[in-house]
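The structures come next, written out as structure tokens.
There are two complexes below, and they share chain A, which is joined by chain B in the first and by chain C in the second.
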Partner chain A sequence: MTPKLKKSLLYWLLLSPLCVVILLPFGIMFVTALRPRDELFVYPPTWTFSEFRWENFAEMWVKTNFGGALLNSLYVSLTSTIIAIVLSIPAAYALSRYRFSGKGLYRNFLLMTQMMSPIVLVLGLFRLMVHLNLVNSLNSLVVTYVAFNMAFTIWMLQSYFNTIPRELEEASWIDGATSFTSLVKIFLPLAVPAMVVTAIFTFINSWNEFVLALTLIRSQNDYTLPVQIFSQVAGRYQVEWHHVMAATVLATVPVAIVFSWLQRYLIRGMALGAVK
Partner chain B sequence: MASVTISGVEKWFGTLQILHGIDIDIEDQEFVVLVGPSGCGKSTLLRMIAGLESISDGEISIGTRMINDVPARDRDIAMVFQNYALYPHMSVFDNIGFSLKLRKRSKQEISEKINEAAEILDLTPYLERSPRQLSGGQRQRVAMGRALVRDAQVFLFDEPLSNLDAKLRVVMRTEIKALHQRLKTTSVYVTHDQIEAMTMADRIVVMNKGRVEQTGTPMDLYDFPANLFVADFIGSPSMNFIEGIVAADNEGPFVMAKDRTRLAISRESSAALGQKVVYGARPEHLVLASGNEGFDATIEVIEPTGPNIQIFADVAGQRICALSTERRTHKPGQRIRLHCPETSVHLFDASSGARI
Partner chain C sequence: MKSRTRIPTTPLLMILPSFLLAMSIIGYPILDLAWTSMQEVSRFGKMMGFVGLVNFAEVFRDPLFYSSLVRTVIWTVAVVGGTLIISLPIAIMLNDDFYGRGLARVIVMLPWAISLTMTAVLWRWSLNGRAGLINATLMDFHIITEPIEWLATAPLAFTVEILVGILVSIPFTTTIFLGGLSSLPQDSYEAAVVDGAKPWELFRYITLPLMKPFINIAIVLNVIYVFNSLPIIWVMTEGGPANGTDILVTYLYKLAFRFGQLGKASAISLIMFSVLFVFTIAYVLMVMRQEHDSADEEVKHDA
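What follows is the complex of A and B.
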């Protein structure tokens, strides 16, 4: 056995407890989602089952109004991501490039907002939305997700913007570009990787958010996916676990795939900033 | 092309003063090098000419136009940055042509100009590459190309060679100088390397702590440094200094070092008897002497450089350097006599540092 192989084995051995903790719920999710209904509660529990019931997904889709919730989730997550990024870019740019009084204070304020759990704010937010007449509207979620995510997005973008050499913009000014042209032609193209990575995180945060969605959305038609799935479990006489798990698979797997695919931007982003 | 006039320029960062009233007149077609140790304000001054730093006080004009409040893009200048500042997401072609595209020149004119610049700079085979795929020297050339196509009134260079290895630096130095001789564009070049300054400049401006110490042609600065700072800064290996007091005897005036070593000076020198001075002698002016001429020295270290041999020796308790072309075999510890012809001696006032 080569030393390198030994080392790899050791690392995997050390990592294995973590892998189990992370992968076990996914395993259970998959096998439950594909099981026939009467094999759900066999004792002792088994990993195997008699047939792959792909129909679970089709039944679930209709029964749980999955499509509607999916559209709601997509609307809320995409809109809030786009708005958060668009609003964060100028803020992060200013923090990265300009000197102004209160800059340190503002940065600390952004960090502090991240230390507060949304749960603490739920009551206040609910009353605010009542006041704004936004309760039971998906836009209330968009607004709050944008607000909650912006501190993070500004922070992320700013630290990346700092790695883009100032001279690039200065060179473009001397070449005859206005500040705006320089921003659009030089700066933002270089910041794309950071924007993509930040957008992914924001999207996932919004996609998975549960507490606010549960509080601010009242009608079943406007539920986002986490709330919709939750409503299949909570307050019911009978829980259709195979449907719940099928819905969970559909809610998580596409996002996970997109996420791992886009991760390459993260690496490319790091490399781009280093060009000298 | 145009002249550049800098008059009474000051720069403040908050309460910190970086530049103390700088006056420099740069003539049309001149190649002026701003040189000084790091932190002396030379780059700040260049950036103020470029329009990247505001001017706290004083005026900068290009030609007859005062440009204090003109944004960088309208100053009609071109600049080469220390880290080249090439746009990493554009090809070499687009990097060079960016300014022309912004000025909405026709496609044909743009590509003609780019090809012309590429020709001059030997970049033709690399036009489609991205900056990442170029070597340091090639990137440097692209940065030059970006300045070339502009037909700007003034070229500004901010330590453009400092990221290159020693050999390439010498090559590029000559290329930039040749380019200037050909294009004759007024150029301001910032460097901390006095050799670069000496070899390239029509005129050198030596700066220190936000002030101009001396302005002059390279040989002027070398032969007649205005003060200790310039004398020390210009020349490599740098000038030897020995402190002493002016005295005189039958043989004429001399500087008496602390250990009473006699350092002869010219009879025409205006130094007063008893004045505390610094005696300066360039290494190449210190020759091995025989007989009574000169002063005693003890060899400490010998460094052959090829064309000559650097002899580091102890004189009056100070280490000095002498350059010798003779291939005699000296040894550390050996006692020798060194002599500097009186006309080559530089004298400076010990308290003010000014040339006497």
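What follows is the complex of A and C.
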């Protein structure tokens, strides 16, 4: 046996308990989403079931108003991502390219806002949204998600902007371009990959957020997906678990695939300066 | 505008929108909480007048506050400690070259991709006492003979919640460690191997000391995140049974949005904010020190 093969077997053996614990609930999610309703509560509990009931998904879609919650989640996540990126680009550019007084202070301010969690401020935020007449409006979530994500987006963008050579812009200044045209024509096209990656992570953050959505949205029609699924579970005498699991499959699998595909960029961005 | 003043104001104008938004959405609620915490507040959010520190006194007389506080400390220490102990060896393995490493990375990072709410919903169903498939699996392997009601008693439910908390904190922590490991100088390892050091000695005397800054950052960031984490406990048990799994955030949430005790809830928010603030300052200082160190290194390299 080659040393590498031996090592691989050892590593997989050591990693396997964790992998099992991570994957087990997903397995349970799939077999529950697909089994007939009357096979949910059998004794003794068992993994096997009589037939694959794909109709569960269609039933769930109608019964839990999945489509409505999906649209709400898409609206909130897309809008807040776009606004966060648009506001972050100039700030990240300033941090990456200019020396100015207060720069260090601003960076520390960003770090501190990143640490503020919505839950500690949730009561104050709720009262703020009452004053602004935004409670029960999806836009209250858009505004707060932008604010809470901005430290992350500025930090990520700045660390990528730092890797774009300054000489390219300087060359275009010598050719007579103003700093604004060099920003738009030279710099931003080079920064597109960084912006896309940062935008996707912001989108996932907003997509997954729970506390603020639970608090600021009061009417069932405006629930986002996490709150909608939670409301199918919490405080109910009878939970339709096969529907809940079908909804969870649809709400998590696409995001998990995108995240798994892009995670190396997150690791790279953090290595470039988000954590260090 | 004169060109003389244009240069310093441009970057300030560029950071202004983000600064204003953060101040109004994150800064203002803090002031509002401070103000509310010193008011008598009716159930419907109406201010009934200034009462000074009465709300704080009430919080400090409340036995549920103390039990939630103790549980918060247990929750934070257990989740952060468990996460660190598991994540470091995992990061070391994932940093090494072996067959199937890409797949292993995807699996280990998976909990990060799923919202905490969904993870908690999945576990709540998996651990269901009557029909949960965790019981089915344990019975299939003859580890238990009877189904266990995992979430029906507080101590067991809280233990399970801590384990789920560890599981969802591993990806982020492993990522920090992977970043640290990739920056370690390879030459000191080679020198030690030439001197005949064993793998354990390499870990103990080279990896661990060099990883210390990353371990510190992982501790502080995880403390901040875990201390504030509502979804796992809220979705799995809502702090129950009988407040037996309440930590400060779930207790705070109940006071504010179920019992309408806004003054008291603001006081607890403010207390939590101060704890958070101390840890945040610690984090900012660490980041600044590390940047300072790496700047020093650059100077050394230049010399």
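The criterion applied here is as follows: the second predicted complex is superposed on the first by the 256 of 276 C-alpha atoms of A that agree within 3 Å, B and C clash if a C-alpha of one lies under 4 Å from a C-alpha of the other, contacts with A are read in each partner's own complex, and residues count from 1 in each chain.
By definition in this document, a residue touches a chain if its C-beta (ideal position, glycine included) is under 8 Å from a C-beta of that chain, and two chains touch if they have at least 3 such contacts.
Computed from a predicted model, the values in this text were never measured in an experiment.
Q: Taking chain A as the common reference for superposition, should the pair chain B and chain C be classed as clashing or as fitting?
A: fit
Q: For A:L24, select first, second, both or neither according to whether it touches chain B, chain C, the two together, or no partner.
A: In the superposition, A:L24 touches chain C alone.
Q: When the two structures are overlaid on chain A, which partner does A:P3 contact: first (chain B), second (chain C), both, or neither?
A: After superposition on chain A, A:P3 lies in contact with neither partner.
Q: With the two complexes superposed on chain A, say which partner A:P165 touches: chain B (first), chain C (second), both, or neither.
A: Touch partner of A:P165: chain B, not chain C.
Q: Identify the partner contact of A:I174: answer first if only chain B is touched, second if only chain C is, both if each is, neither if none is.
A: A:I174 contacts chain B only, not chain C.
Q: Touching A:F230 in the superposition: chain B (first), chain C (second), both, neither?
A: second
Q: Looking only at chain A, is it chain B or chain C that touches more of its residues?
A: C
Q: Using C-alpha centres only, what angle sits at chain A with arms pointing to chain B and chain C? Round to the nearest 10 degrees.
A: Rounded to the nearest ten degrees, it is 90.
Q: After superposing the two complexes on chain A, what is the shortest C-alpha distance between chain B and chain C, in Å?
A: The answer for the closest chain B-chain C C-alpha pair is 9 Å.
Q: Counting contacts the way the document defines them, which residues of chain A are shared by the two interfaces, the one with chain B and the one with chain C?
A: Residues 275-276 of chain A touch both chain B and chain C.
Q: Taking the touch rule as given, give the residues of chain C at its contact with chain A in the complex, in rising order.
A: Residues 8, 10-15, 17-19, 21-22, 24-26, 28-33, 36, 45, 86, 89-90, 93, 96-100, 104-119, 121-126, 128, 130-137, 139-140, 147, 167, 170, 175-176, 178-179, 182-183, 214, 217, 221, 224-225, 228, 230-231, 235, 238, 249, 252-253, 256-257, 262, 265-266, 269, 272-273, 276, 279-280, 283-284, 287-288, 290-291, 294 of chain C touch chain A in their complex.
Q: Where on chain A is chain C touching in the complex?
A: 4-5, 7-8, 11-12, 14-15, 18-19, 21-29, 31-32, 40-47, 87-88, 90-91, 93-95, 98, 100-103, 106, 108-113, 115-117, 119-128, 130, 143-144, 146-148, 150-151, 154, 204, 207-211, 215, 226-227, 229-230, 233-234, 241, 244-245, 248, 251-252, 255-256, 258-260, 263, 266-267, 270-271, 275-276
Q: Could you please specify the touching residues of chain B with respect to chain A in the complex?
A: For this pair, the touching residues of chain B are 50-52, 71-73, 75, 77-79, 81-89, 98-99, 102-103, 131-132, 146, 150, 163.
Q: Where on chain A is chain B touching in the complex?
A: 165, 167-168, 170-178, 181, 185-186, 189-190, 272, 275-276
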